[in-house]
Amino acid sequence: MVLAKVVGTVVSSHKAAKIEGIKFLLLEKIDPVTMKGKGDFVVSMDSVGAGVGEIVFYVSGSSARFTGVTEGKPCDSAIVAIVDYIEKDGSYTYEKNR
Amino acid sequence: MVLAKVVGTVVSSHKAAKIEGIKFLLLEKIDPVTMKGKGDFVVSMDSVGAGVGEIVFYVSGSSARFTGVTEGKPCDSAIVAIVDYIEKDGSYTYEKNR
Amino acid sequence: MVLAKVVGTVVSSHKAAKIEGIKFLLLEKIDPVTMKGKGDFVVSMDSVGAGVGEIVFYVSGSSARFTGVTEGKPCDSAIVAIVDYIEKDGSYTYEKNR
Amino acid sequence: MVLAKVVGTVVSSHKAAKIEGIKFLLLEKIDPVTMKGKGDFVVSMDSVGAGVGEIVFYVSGSSARFTGVTEGKPCDSAIVAIVDYIEKDGSYTYEKNR
Amino acid sequence: MVLAKVVGTVVSSHKAAKIEGIKFLLLEKIDPVTMKGKGDFVVSMDSVGAGVGEIVFYVSGSSARFTGVTEGKPCDSAIVAIVDYIEKDGSYTYEKNR
């Protein structure tokens, strides 16, 4: 899974029938040490109610179809967790409520 | 899913039987902040009637076979949405009808 | 799918039993604007009778097993189309018989 | 599979139901010659009881769902081995208990 | 599939039960024109009895589970052929027994 920040939304009125009603979030991949964005973006389907500004991790490929929201759908990226904290080498690089 | 602009078409008269009759569009990946092309191209099968100049997002890998058009076919990239707008950090980076 | 030029062949007498009798072509990925090779190579299984010098596109991942030649085989890249022409922004960047 | 070092943990209280109770480890990919980190990180689900500081290799994509811990789950990266030693060109580049 | 050179082995005594007894080889991806290593490594499961120094190609992703050795296992890279020669633009860039 890859760590990213929710930075926006993508809206489409004309899309494959199977993905009607799903929220498409714009994610920017982050470096988990500096917590800075990498300028690399992906559109991800939300399965956990993530919001703009939150740090999440998403799953790619066929496994992105293994959430309740995305099963059987043309989806290759699904947010599966909102991150509370990231700990690296004994210290926190990220704490959500701080 | 990945954001891209439809920039052209690819035509083949000699191809795998399973993909006869499908439209192959040439996509250039874009940066959703600047909306500029990245010089990185992919051939994608169209499931939504996208046209040249439109901003779309496509799905890759096995999930590209989960559209009505591509099911059971040797397809690793399918356009699943025509984008209306992209919102990042509270402002629009792209609006289709503007 | 990705555009590439057939630049050679790879021969193996000692290989997995399931891929006996399949032709392995050496592909160089190309830029569809300049039509130049990118110096990035992949070995692909041929499902359409492609020959050296031709521009093709190939499918990757699990979808590479969805051709008549590669079904059920350990194959992650299969050529599925020989390209006749590529049109970008209203002009041809490639025409096969020219 | 890809070689990496376990450098930390990622904690989420709000996540897809299917991945409740799984440990998420933060891995940094390594160069197996110099054994240095590459500054490239991935979140991986642990199927072998790996700990911070250990060298492991993980499996990506659909195959990440083929461990006892990750079966049927939205998981695209699973640690499947703790490395004892790496031998390259006749000498060890890594020995665990040294 | 991707061309690589077998440069070593990776040994693990603590690993997922399903991959007990499989040989893990360290591969370095090569440029098939210069035949030089690219400094990019992958751990691959061997299905053909490859040895250090040999040029091989391996299959990635779900297709890596389609060999007799790797079926049903958490494996995303399997060696499926030992290369005898590579021919590019009419001349050999590699011949095994030369």
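Order of writing sets the chain letters: A, B, C, D and E. Residues in each chain are counted from 1.
Here is the rule we use: contacts are C-beta pairs under 8 Å (C-beta built on N, C-alpha and C of every residue); 3 or more make two chains touch, one makes a residue touch a chain.
Predicted, not measured: the structure shown is a model, and the values here were computed from it.
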* **Those chains which touch subunit E and also touch subunit D** => none
* Any idea if subunit A and subunit D meet via the same residues, over half in common, or different ones? -> different
* Asked: Between subunit B and subunit D, what is the separation of their C-alpha centroids in Å?
  -> 33
* Asked: What is the distance, in whole Å, between the centres of subunit C and subunit E, each centre taken as the mean of its C-alpha atoms?
  -> 20
* Asked: Of all residues in subunit C, which are in touch with two or more distinct other chains?
  -> 60-62, 64
* **Chain contact graph, described as a line, ring, star, complete graph or other shape** => ring
* Asked: Starting from subunit B and stepping next to subunit C, in what order do the chains sit around the ring?
  -> B, C, E, D, A
* **Partner subunit A, residues of subunit B touching it in the complex** => 1-3, 31-33, 47-49, 57, 59-64, 66-68, 78, 80-89, 93
* Contact residues on subunit C for subunit E in the complex? -> 7-19, 24, 26, 39, 41-45, 52, 60-62, 64-65, 72-77
